[in-house]
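Next up, some structures in structure tokens.
Each of the next two complexes has subunit A plus one more chain, namely subunit B in the first and subunit C in the second.
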Partner chain A sequence: MAREIYQAITDGILVGGVYALMAVGLTLIFGVLDIINIAQGVMVILGAYLSYELAARLHIDLFVGLLVTVPAMFVIGVVIQWAFIRPLRGRERVSMTLLVSYAVALIIEGILYESFGANTRVLSAWYVTSSVHVFGFYLPYIYLFGFALAVVLVVALYLLLYRTRFGRSVRATMQDETAARLVGIDTNRVAALTFGIGVAVTAAGGMVYGATSGGFNPNSGYDLISRLLAIIILGGLGSIGGALAASVFMLTLEALVDIWQPQWAIVVFYAALVLVLLIRPAGFFGAARGRTA
Partner chain B sequence: MRPHPPWRSRRALVLGTAVLSVGALAACSSSGSSSTSTTTSSSASSSPSSSNPITIGASLSLTGDFSTDGINYERGYELWASDVNAHGGLLGRQVVLKILNDNSSPTQVDTNYQTLFASDHVDLAFGPFSSLLTTPASSVAARYGYAFVEGAGGAPTVFQSPANLADHNVFDVSLPIADEMVPFVNWIASLPASQRPKTAAYPMADDPFATPPVQLAQQMLQKLGVKTVYSKIFPEEAADYKAPADQVAASGAQIVVLGSTDVPTVSAFMQAFEQQHYTPKLFIAAAGPDQGSAFISAVGKGNAVGMMVPNGWYPAYANSASQAMVQAYVAKYGGNASGVSSDIAEAYSVGQVMAQAVTATGGTDNAKIITYLRSGVTLTSVQGPVKFDSLGENGLAAAFVSQWQNGGNAFNQVLPVGQAGSVAIIATKPAWSS
Partner chain C sequence: MNRLAAAGLVAVLAVAVAFPFLFPSPVATNYGVYALIFVAVASAWNVFSGFSGYISLGHAVFFGSGAYALGIAARDWHIGGVGVFALLPLAAAVGALIAVPFGLVALRVRRHTFIVITIAVFFIFQLMAYNFSFTGGSSGLDAPFLSWQAATYNNPFYYIALACAVGMTAVAWLVRRSRFGLQLRAIRDDEDRARGLGVHAMRVKLTAFVLSGAVTALVGGVWFLYLTQVQPPSGFDPLFDLSVVLMAFLGGLGTVTGPVLGALIIEPGQLYLTVKFTNGYLSEILLGALFLVAVLFVPRGIIPTGGEWIRRLATRGKPAVQADAAGPSAPQAPDPAPAQEAST
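And now, the complex of A and B:
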């Protein structure tokens, strides 16, 4: 039994890294723009397809391919924000973004179906099926690399937010958009770039998800979105590090429950969310004080 | 680390509500079925007219979890319709298919068939894909008096549904799924005790299609003395299979009987097994390996070798109509014979059986068709003979087990041993070859 528990904890940490890669973009976008991006799951799948195209057609390594897919997804994100999100104004803006992002998800899904069909695709590389033997456990390289990538991205986003001029603009916009405008910050530009960055980092999540999920098709994103939303709430809305911590916590919890009752694993996943909302509404790393506008 | 950007807790609650709503919607779309009732009734009968086409309605999963199978079914239905129309149609009338997309949702499939019956007034109905969707769909068909000929609703829940028990309108042309692992178990039983595997694992998706055959196999193998070292049901909507797959690998089971519904589930287990340096001696999955090129492209030819799947049909099936259908499919859609999914044959068989019923009854009166199909008559299909019992199960359906062989280039019938068309089974799955 002890071995099973250790294995579950290991699985939870490793799979949690994958989910963190998919969730950090979502929490960043919500933090800055107040947007519940329902399209995040489909964005993950879009990232997976971009990696697939580079690997299948140009034989570019999955991780090297991120040098292409991340900028490409950044551009896609900026365009989506400019075309669909930015025009939304008024008191109903937040709720309207739910509908708009859902529409964006449907559009992207439709394009993917037209382009790739419904057949399952898988991302392949030597490190996807290979593993290293450590303390009696086989740790797959893809999960190790994915976890490392998650940590790197979290640190990079942290540095971007707290060590750069652009980051100060972002944080100012987060705290009070009106005041930020008054001091000369181009909040429209900040919003577009932040949305672009949020979508860009999702390219990494898509690549690792595509390599670890057993296969994906244009519809696969819908299974992800509710989990990703739960993770960013648990981590604290807008908290980049919180997304990583919550991913590891939730997936470890799920893996542990899976030992005894797999059918309850998902229930426990969401029960944990409800419990946290009751005890600590701001999540693990969320602060109680909020912005004023 | 510095304090994180501040947030309002109210936003967390709003978003929490959104998460739970999305989760609830997802749960509804994957497991529930609408209980909408209507008092509208239709006799679902029409008089033949040689000038009007025969319209056949169906709801298929062209998107969503079952989209790979749903699109194959669409191709199977269309291939049958084009063949029929090329030969003058049914009773001299051209066949027109009206196919709606249910997005793999049991709720949407209910709505779609109501649309087809109440608004479109289709002459005949073909079934959707999967037992999960056939159960609610067949209830709608019963309400409107339609004969519901289908090829992918073989779970006990379909035949035992209140609507079918009352109206007996469901007719499944394929193999009833509960028994589909029996040839595999019989083969294990035929092995000398010294060669018989000693342990088995049974991971199952929570799906009416996936669990019954695996649970029956487990009962039978246990009686043979094969020890169960893992038996758990995991949620069908699980987003990650690493944890259960790693548990199976840790069990070291010699046999893995996987209750799967699609290619990604099988692929995820195979990938996790390879990562854990674990190769079961025998690996059979309820669904997935039968998906032809879709399966091979997901797992690779080398890894596919030795993978088994129960089936009522396989591309090399020695049946002239089947061979003609395979050739027609390859000519129309490309690829090769071994890449033709069994979905195609199942869908095509639905059309064949309905065509024979229409011809025999001289029209599209669904009441007459139901009576005819329940009469015990033996019909033909590309999957072999069809004869329905009182609940609409095909009592003549043959149970095969097929296996990927020859470097992943051939999908052969291997069980039952000695049956016409069976080739030698690969009794020990080769190591993973990625």
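And now, the complex of A and C:
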């Protein structure tokens, strides 16, 4: 029993790292643009399909392929922000941006179905199929590599946000958009680049997700986005540290419940969200925002 | 103008009542039943979300629960034949019962967080439908068999759906004109200020949520009897929420006729596309594209935007403000601010 619990905790932390990567993109987009990108889930799946195509057709290694897919997803993100999100203004902006991103998700999902069909695919490579033996556990290499990738990218994002001039303008925009504009920050540019970065990380997340989740198809985006939403709300919208903590917490919880009641594991996931919000409506790390929270 | 509106209303109702006689083929009435089901649901959604500004993406919870409540009651109490229609109020009661705790939890938070909570509750319900044994798991439930003639099978459903649609639209109209409706819209415009002015925000929001949920569940029951089956992904369908929101948005959020118009445009269109492109993916792409076009070009919906165009046409060539009104009485002139919507 104890052994299973340790295994579950290990899995929860490793998979949680990958979810953290995807959730950080989502919460960053929320922080800067004040929108929730419902399309994030299906974009992860799009990233997974891009990696799949590169691996299957051009025999490019999954990790090397990221050099292509991450910039590609960045460009897609910037274009979507420019074409559909930027023009929205006015009172209904919150709900409209949500619906726009939902529509984008539908379109991407439809295109994926048209191009790849509904069959489940799995990303495979030697490190997906073979395992390493550590402390009595068998762990597929991909879990370790994926976790390492997630850590590297989250650290890179952290450095970008807290150690560069661009990062300072992003944080300024998150705090107060009007004030940021007054001190000369081009908030439109910040918004476009942030959206691009938030979407770009889905390419990496998608690759690891595609290799670890045991198969994906265009419909997997719904399951993913609902988990990511639960994570970023639990962590406190716009809080990057909160997203990291909530990812690991939620995935570990799910892995633990999975030992006894596999079919209820995901329900516990959402029930935890509802319970936490009953006690603390702003999430773990969220700032209490009287008028908007 | 008022007489014209009344005449138009009577004409629309007459066409709606006569529709099964004008187009007696089951294919046509099938379109009618689905369109009216969605008129009722979009209108019910709008009474809560459109009026209060709390966008719910979890109304499929009520729709599916209504369907399941009916199916479970009919199975466990061995009710067959036409008697199942007597269970429809039960579906509504179940919807209301679910709406109370759901609302008490979700309505504590606002904006994005509220939307996400509704999505989370939606997934909890879908998973419960999969995992409990009394819901029939992934194979779902079947409705009792109705031994009606195939040629006119749809007609009773058509009239039930019509009654739901007309009833719900009338309720929406009444709510909009009432003190309760004003309180809801005050919450939408500025909840903190509304509370400061003495609106019991939670009570008002919860009442609207329960009303909306009960009607959605009732219509879910009708839908179940018509389709004769429900499975977890069809009863609790994320696309259901999206379609309903799109209908209300396209027609005009917070108006009475907007969701009706939106549903009458989108649901038949969606059905047609699904039939024409059997794989269904192309219709998904088109639905998404339509959504983008609607949001970018008629962001406030057809009814408010159209009303503005008509007003502009009607007042063309006339001065915006009468010369004698420009004096001291000018501030009393009605303010055509965007906040004031077409009240039709």
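Assume the second predicted complex is superposed on the first by the 286 of 293 C-alpha atoms of A that agree within 3 Å, B and C clash if a C-alpha of one lies under 4 Å from a C-alpha of the other, contacts with A are read in each partner's own complex, and residues count from 1 in each chain.
Operating definition for what follows: contacts are C-beta pairs under 8 Å (C-beta built on N, C-alpha and C of every residue); 3 or more make two chains touch, one makes a residue touch a chain.
Not measured: the values here are computed from a predicted model.
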item	value
Overlay on subunit A: subunit C relative to subunit B, clash or fit	clash
Contacts of A:L99 with subunit B and subunit C, given as first, second, both or neither	second
Which superposed partner A:R121 touches (first subunit B, second subunit C, both, neither)	first
Of subunit C and subunit B, partner touching more subunit A residues	B
Partner chain in contact with A:Y162 - subunit B first, subunit C second, else both or neither	first
Which superposed partner A:A271 touches (first subunit B, second subunit C, both, neither)	second
Partner chain in contact with A:P87 - subunit B first, subunit C second, else both or neither	second
Touching partner for A:I111 - first (subunit B), second (subunit C), both, neither	second
Touching partner for A:Q175 - first (subunit B), second (subunit C), both, neither	first
Subunit A residues contacted in one complex by subunit B, in the other by subunit C	30, 36, 98, 109, 113, 222, 226, 229-230, 233, 237, 263, 266, 270, 273-274, 277, 281, 290-291
Residue ranges of subunit C in contact with subunit A within the complex	53, 55, 105, 108-113, 115-117, 119-121, 123-124, 127-128, 130-131, 192, 238, 242, 245-246, 249, 253, 279, 281-282, 284-285, 287-289, 291-292, 295-296, 299-300, 338-339
Subunit A-touching residues of subunit B, taken from the complex the two chains share	1-13, 15-16, 18-20, 22-23, 26, 62-65, 67-68, 70-71, 104, 206, 232-235, 237-244, 246-247, 250, 262-271, 274-277, 293-294, 297-300, 432, 434
Residues on subunit A engaged by subunit B in the complex (per definition of touch)	3-4, 7-8, 11-12, 14-15, 18, 30-31, 34, 36, 38, 98, 109, 113, 117-122, 124, 126, 128-131, 138, 140, 158, 161-162, 171, 174-175, 212-220, 222-227, 229-230, 232-233, 236-242, 251, 254-255, 258-259, 261-263, 265-266, 270, 273-274, 277, 281-283, 285-291
Subunit C partner contacts - residues on subunit A that touch it in the complex	30, 36, 84, 87-88, 90-92, 94-96, 98-100, 102-107, 109-111, 113-114, 222, 226, 229-230, 233, 237, 263-264, 266-267, 270-271, 273-274, 277-278, 281, 290-293
